[in-house]
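Residue numbering begins at 1 within each chain, and the chains themselves are lettered A, B and C in the order written.
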Amino acid sequence: MKRIFTVFALLTGLLLSYALYQALIVAPTEKTMGDVQRIFYYHVPSAWTAFLLFTINFVASVVYLIRRSSAADALAVVSAEVGVVFCTVVLVTGPLWARPVWGIWWTWDVRLTSTLVLWLIYVSYLMLRRFSASGETPVLAAALAIFGALDVPLVYFSIWIFRTQHPQPVIGGGGSIDPRMWHVLLINWAAFLCFALLICWSRYRLEVLKREVEEMQALEALLQPRGSR
Amino acid sequence: MTLSTITRATLMKDLRLEWRSKDAINAMLFFALLVVVVFSFSFDPNAEESRQIAGGLVWVAFLFAAVVALNQTWARELRNQVLDAYRVSPAPANSLFLAKAIGNFVFVGVLEALMTPLFIVFYQLRAVGPVWQLVPVAVLGTWALVVNGTFFAAVSIRTRSREIMLPLLLFPISIPAIIAMVNATTAILTGELSIRVWIVLLATYDVVFTIACLLFFEMVLHAE
Amino acid sequence: MIRIAGLIKQFGPFAALRGITAEFAAGSLYVILGDNGAGKTTLLRSIAGLARPTRGSISILGNSEVRDACRDIGYMAHPSLLYDEMSGMENLRYFAGLYGISDDGRSENVIRGVDLDPALTRPVGQYSQGMRQRMSLARALLHDPKILLLDEPFSNVDYRSALEMVKLIAQLRDSDKTILLVTHQATLLEDVADEFVWMEAGQIVSRTRELKLLETR
């Protein structure tokens, strides 16, 4: 297992460097935005990866509530944590790109705002996990995860109506993308997915180990001669 | 023993307790008053501007004040661990949830009824659109805050930093409802846009989360 | 009749109950003794269904799910489980509703049974500690449960009232109830208890009919 992990880590490293080379050198320069557009190869794959991880978190939470399996709960923690990291990348790279292109750091556009709200929901999820007593954390957190998932379409819809009622200046995107750009984007996404998988893998192993240690400690406490508690 | 008799008994019990102690309502009223006053120092709008911003101010004030009431609901049950007496009884968990949610709806409703005149006076509000439409917005919006608020207050009493935890859990989830309430209110005050779509959104939010709360409350109540 | 098999309850790395196997028969009064932190309260809470066993099982009157037997369990906790702002009668009426008991006579009788006055309008928060304990016992007896779990019913109760409570508890035992009573004042119950159960560090270390036998340990 450890061997596979190392090999996978190396491959991910290679893929990431290749993707970096593709994004910075191979991909054509965008006509109007210039080189700053290249951040797009990090921004978009991070967003897709974050959304995928949040979906995994939702599924794992549902499975946990049905089966009450510790593995599902561990997967839920891991996907939420890593998802928040990638979502943070999205929220940081977005304004970095928007500033030179749109002339503003932030606009309350649908995608941006929905991503921000999603980030808020999952940060509150992690907070809840941190602050609740150990025994009940998984149940409470799973409930919140499901509430959060139910909220996503409502968030998107509400911001969308809000935006159509209050039009904002210049929202970029649109138009067709050069097929070579697509190609680079997909390579980057693949690299980011591998990277996310790698982090999740090692974080999951850590989580499982942590739980095993806790169980051992619990067992020890159980077997200890009385009076020494 | 049905869902509704226990709900009614619990609701009456809560109203009676509140009537005697007045813990929630006093703190909530004073807090909302403070928000109104502080806001009016921060902004000095003319009649036209205040129409534009009042929707936001009003609901933010209600939201903060509601958090005070929502924390109180369960704090009452934690004193002397009375909640345990409910948990060992055969009474269904959802009766308790509905009673608490309806109770909070009443508290926040009373607050809104008392605070609205103040807002009108302080901000010289005069709606351009049809005023009666504020009623469905207030009803649906208040239920939206209160139903999830009651649920997440029950979640947050199980955490270490009880009272702080509630807004942290409640506000992110409530964002679509807040957007809808604020925009509907502003639309009525300025009389510029239709509120139809916001009403639909609020109603959907209410239905979705009322069902979700009823599905998960028992699990939260007995979680340990 | 309560049957407990291999009951373990852990709070994180802390083991509150470390393997309890025991049976408690109907019509008997069991007095549970032990130092603070021996797991007495956790044992009662587990039987009441307020603490879910980490391992092991509890069967109550043949129900393996504690929730299914909740109508047959009366639980008196260390805190009063009463609303301080309401009178005793108001409290009991509310709790009677939770059990689907509509008869008002029941609440009054139970209050008289613990030697309190049902007409008392003072809120429970202003009761003396002893009165509150007795009202709390009344709450546990309200639905006439077959099993009674009493956690330190005599704490802060004056001697005379404690004797009255003992008399009442003995009567309840004679009407075929299973009673588990946690206390530090074992001598009060020396004459009426059927068995003394000594707990230490989450385990039952001895059960005896004579209190003296425990004291020689």
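Methods note: a residue touches a chain if its C-beta (ideal position, glycine included) is under 8 Å from a C-beta of that chain, and two chains touch if they have at least 3 such contacts.
Everything numeric here is computed off the predicted structure, so don't read it as measured data.
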Farthest chain (mean CA position) relative to chain C: A
Chain whose Cα centroid lies nearest the overall Cα centroid: B
Approximate Å spacing (C-alpha centroids) for the pair chain A, chain C: 50
Approximate Å spacing (C-alpha centroids) for the pair chain B, chain C: 39
Whole-Å gap between the CA centroids of chain A and chain B: 31
Residues within chain B bordering two or more other chains: 224
Residues within chain C bordering two or more other chains: none
Contacts with 2+ other chains: residues of chain A: 135
In the complex, chain C residues that touch chain B: 48-52, 70-71, 73, 75, 77, 79-86, 90, 94-95, 97-100, 123, 139
Touch list for chain A against partner chain C, complex: 134-135, 214, 217-218, 220-222, 226-227, 229
Residue numbers on chain A that touch chain B, as the complex places them: 65, 117, 120-121, 123-124, 127-128, 131-133, 135-136, 139-140, 143-144, 146-148, 150-151, 154-155, 157-159, 161-162, 165
Residue numbers on chain B that touch chain C, as the complex places them: 1, 5-6, 9-10, 13, 16-17, 20-21, 76, 79-82, 84-91, 224
Chain C to chain A touching residues, read off their complex: 8, 10-15, 18-19, 37, 200-203
